[in-house]
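Labels for the chains are A, B, C and D, by order of writing; each one numbers its residues from 1.
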Amino acid sequence: MSETPLKDLRREVLAANLRIPEAGLATLTWGNVSGVDREAGVFVIKPSGVSYADLTEEDLVVVALEDGRVVEGHLRPSTDTETHRCLYRAFPSIGGVTHTHSAHAVAFAQARRPIPVLGTTHADTFNGPVPVTADLTAEQCAKDYEYNTGQVIVARLDGDPRRAEEVPGALVSRHGPFTWGATAKAALENAVVCEAVAEMALHTLALGSRLGEASEPPRHLLERHFTRKHGPDAYYGNTPHAPGP
Amino acid sequence: MSETPLKDLRREVLAANLRIPEAGLATLTWGNVSGVDREAGVFVIKPSGVSYADLTEEDLVVVALEDGRVVEGHLRPSTDTETHRCLYRAFPSIGGVTHTHSAHAVAFAQARRPIPVLGTTHADTFNGPVPVTADLTAEQCAKDYEYNTGQVIVARLDGDPRRAEEVPGALVSRHGPFTWGATAKAALENAVVCEAVAEMALHTLALGSRLGEASEPPRHLLERHFTRKHGPDAYYGNTPHAPGP
Amino acid sequence: MSETPLKDLRREVLAANLRIPEAGLATLTWGNVSGVDREAGVFVIKPSGVSYADLTEEDLVVVALEDGRVVEGHLRPSTDTETHRCLYRAFPSIGGVTHTHSAHAVAFAQARRPIPVLGTTHADTFNGPVPVTADLTAEQCAKDYEYNTGQVIVARLDGDPRRAEEVPGALVSRHGPFTWGATAKAALENAVVCEAVAEMALHTLALGSRLGEASEPPRHLLERHFTRKHGPDAYYGNTPHAPGP
Amino acid sequence: MSETPLKDLRREVLAANLRIPEAGLATLTWGNVSGVDREAGVFVIKPSGVSYADLTEEDLVVVALEDGRVVEGHLRPSTDTETHRCLYRAFPSIGGVTHTHSAHAVAFAQARRPIPVLGTTHADTFNGPVPVTADLTAEQCAKDYEYNTGQVIVARLDGDPRRAEEVPGALVSRHGPFTWGATAKAALENAVVCEAVAEMALHTLALGSRLGEASEPPRHLLERHFTRKHGPDAYYGNTPHAPGP
């Protein structure tokens, strides 16, 4: 395990964690971001219960993908560590995971309703509704609760890594959102999107109940937006050193 | 094309873009403002996917009104550039265009309902409901999607430049608000108004559904407010070097 | 008219105006505070259309209570100046007036519903519902619109200065809140309260519609809270140089 | 009574009070935190009506647990002081008390509905609904109103100190939330949780009324979350000098 990659990863994971309170995604210590180094077989995650204001790169905990052992760090990792580990193992292409208790996404999780696709803001990032997991059984709660939390997410996506790329997040029933992405930063940004589209959906449903229900957007519009940002024909954004036309 | 006007325009367009996150109109990179130089035949717009915190005057992209060519700039312009260009061509008196994903305006767009005129805050800026466009057809989505997005806005306003002055904004169905104005700054401020009146309307409709429906305000009140701020008899504000009585 | 009192008044009025955006009561330039000097027969008010960030003591405008003439100032006063003047003339004990377009209070104004007394937060400041005025007639809109806006407020309070002390604010139908108080600062703080209780009432009504209607609080509780803060038996707060027991 | 403990307590109580406006739990001066020194038989509390921006350690007031006498301080203590004192006397294990007027928690108080347990965010802190007190009678309002406010809270928890540890907060009917904890800081953080879960519950109920009612989470899930953070088997967080595995 080379030192330099982990140094960069620690920096990225710290920065992504600090964006949680900045973006209003969680109060107190209710959110965490991790990033993985697949070659080194480890991921870097926030320690448990440490406030964002106090968090340093040194406080981050390095955990083995294989068995969840703490490889580096003087603090206990996030209680949600095993959920992150489960997701990394099930979805080989993801590089970061984020968990928050953002208010509107949690409301959908508590109502056990997927966040429906109601417009292009959603379709830009999630190629389908943000799904809700099944409830964990008493057995799944009693033992390996956090790893099982990952399992119900994976099950909802049929364990399909390609679906996980198209729909980079899910709501754990009665709990809240987990999102992921190619990097820790991308996972955090998908958490921002998840909360934003949950808020918009809540307002849209409120209007619908007063003014007539919202209908589902046509598929051609949604596809257009998702492929504008993702895949071989994407034309959104500026990649560094790759100026536009 | 003289250098100085574009320098001033770049400064104004940068300042207006930076107000998007400040005013809470968009998270991540979900909004853009442009400003036009009619004499030079170009407009200046935000580059695609660049975060507001990193944005500089040099990053802004100069685009030809005539054909959408990039005239100056090392980055790709906003994916919404062709929508801006379509609006500038249809409405000769506008000097700036803004697009955001502000939550309450998006909710009306997703519910495909115009923002109704429920009070003077609305009437101060929009002389009528903020309309919603038709859905884009599969054909309109497949080719020239962004220019066609401008076309459905123009169509909703009957291609009438005078209506575009009286109602300086529209909601693209299932997408979100576009606003415009005499300058980039005015376009941005109309986006602020659009979001504020959408939020107020949502709360008003919620109260109405509980306490009895809101009725439409009398026309004489709305006219009073619009003409207090617009047109030959306007008496709101202080124009520089033109002190009040 | 002595210089020093007006200097102090300008400072207080400026400070109160700057709290409008800080407290989230208005965006752009949608709010204004004034303070009166009864001996001098003038009040000091925000100029029209000037942004809070740019506002200085020198920009404030001094207006005659008697006839609305501008006595001092190089800018045009707020378009709402005549409404302030009407309130000062009708209610001799008030020292400050505030107008905002805060979102929840405006929603009640647009729904033309008083803000009901649902709890002690409300009763601490308003000894009764925050009332809504009648609609202005076409005639009242056509001529002296802003003074007439004050008149419908005064009429809703039966022109009774004592009621204006007990209920220091009203919602102008389809427009928004005006509040007042012993000083400019108190008027501003009553605008903060008006918005806060409007938001709480909206949420309470939402819960009520789902869980059963809220009932009116018992009179003895409301009286207790109002008199805890107001009148001869008040025991809330610390007056300067008057330490507690 | 040793000086040093009170000095530390003053620092902690000041810090906790300053978090009230930072966390958006109250505007103006609508909230207060106290912390107790059981050995010294006193608690330290915010003075009445002093703004958070002006508050210093010296302004804090030291009050006797036994009889409510002011032991130290040049200002009058919070009007809610007697409520705090009542709670300290009824629940011997608590070290801090917080009162706020946070908007969503107040809405539940005004609707006289407990905040229901709808998910793990709630269960992490409150092992059951946040209850609402009975209304105070006219007699309870007329005399010793603030102490009686404490009494109705204690009565709702059956005067049971163990219940007060499991459910560290209650809503006073038509008034607002009081929370408590092992320290002033913990009491403040429980006020943050109380407001957050009230907001989430309000959104969840809104979704439920549109999409079908939310059901109660299974007991095994709630237990898991509460015991993950509380009691002998807790494994959340990092205690100072007690690094994780």
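Things worth noting here:
To be clear about the criterion, a contact is a pair of C-beta atoms (placed from the backbone, for glycine too) under 8 Å apart; a residue touches a chain by one contact, two chains touch by 3 or more.
What you see is a predicted model, and the numbers here were worked out from it, not measured in a lab.
Copies chain C and chain D of the same chain sequence form an interface built mainly from non-equivalent positions, shared numbers / all numbers used being under half. Fitting chain A to chain B on Cα positions gives a rotation angle of 90°, stated in steps of 5. Distance between chain A and chain D, defined via averaged C-alpha coordinates, is recorded as 32 Å. Chain A and chain C, compared by their mean Cα positions, are separated by 45 Å.
Chain contacts: chain B has residues 206, 208-209 touching two or more partner chains.
Contact residues of chain B toward chain C in the complex are 23, 118-121, 189, 192-193, 196, 199-201, 203-204, 206-211, 214-215, 217-218, 220-221, 223-224, 228, 235-238, 243-245. Residues of chain D that touch chain C in their complex: 27-30, 47-50, 61, 70, 73-77, 79, 101, 103-104, 106-113, 135-136, 138, 141-142, 145, 174-176, 202, 205-206, 208-209.
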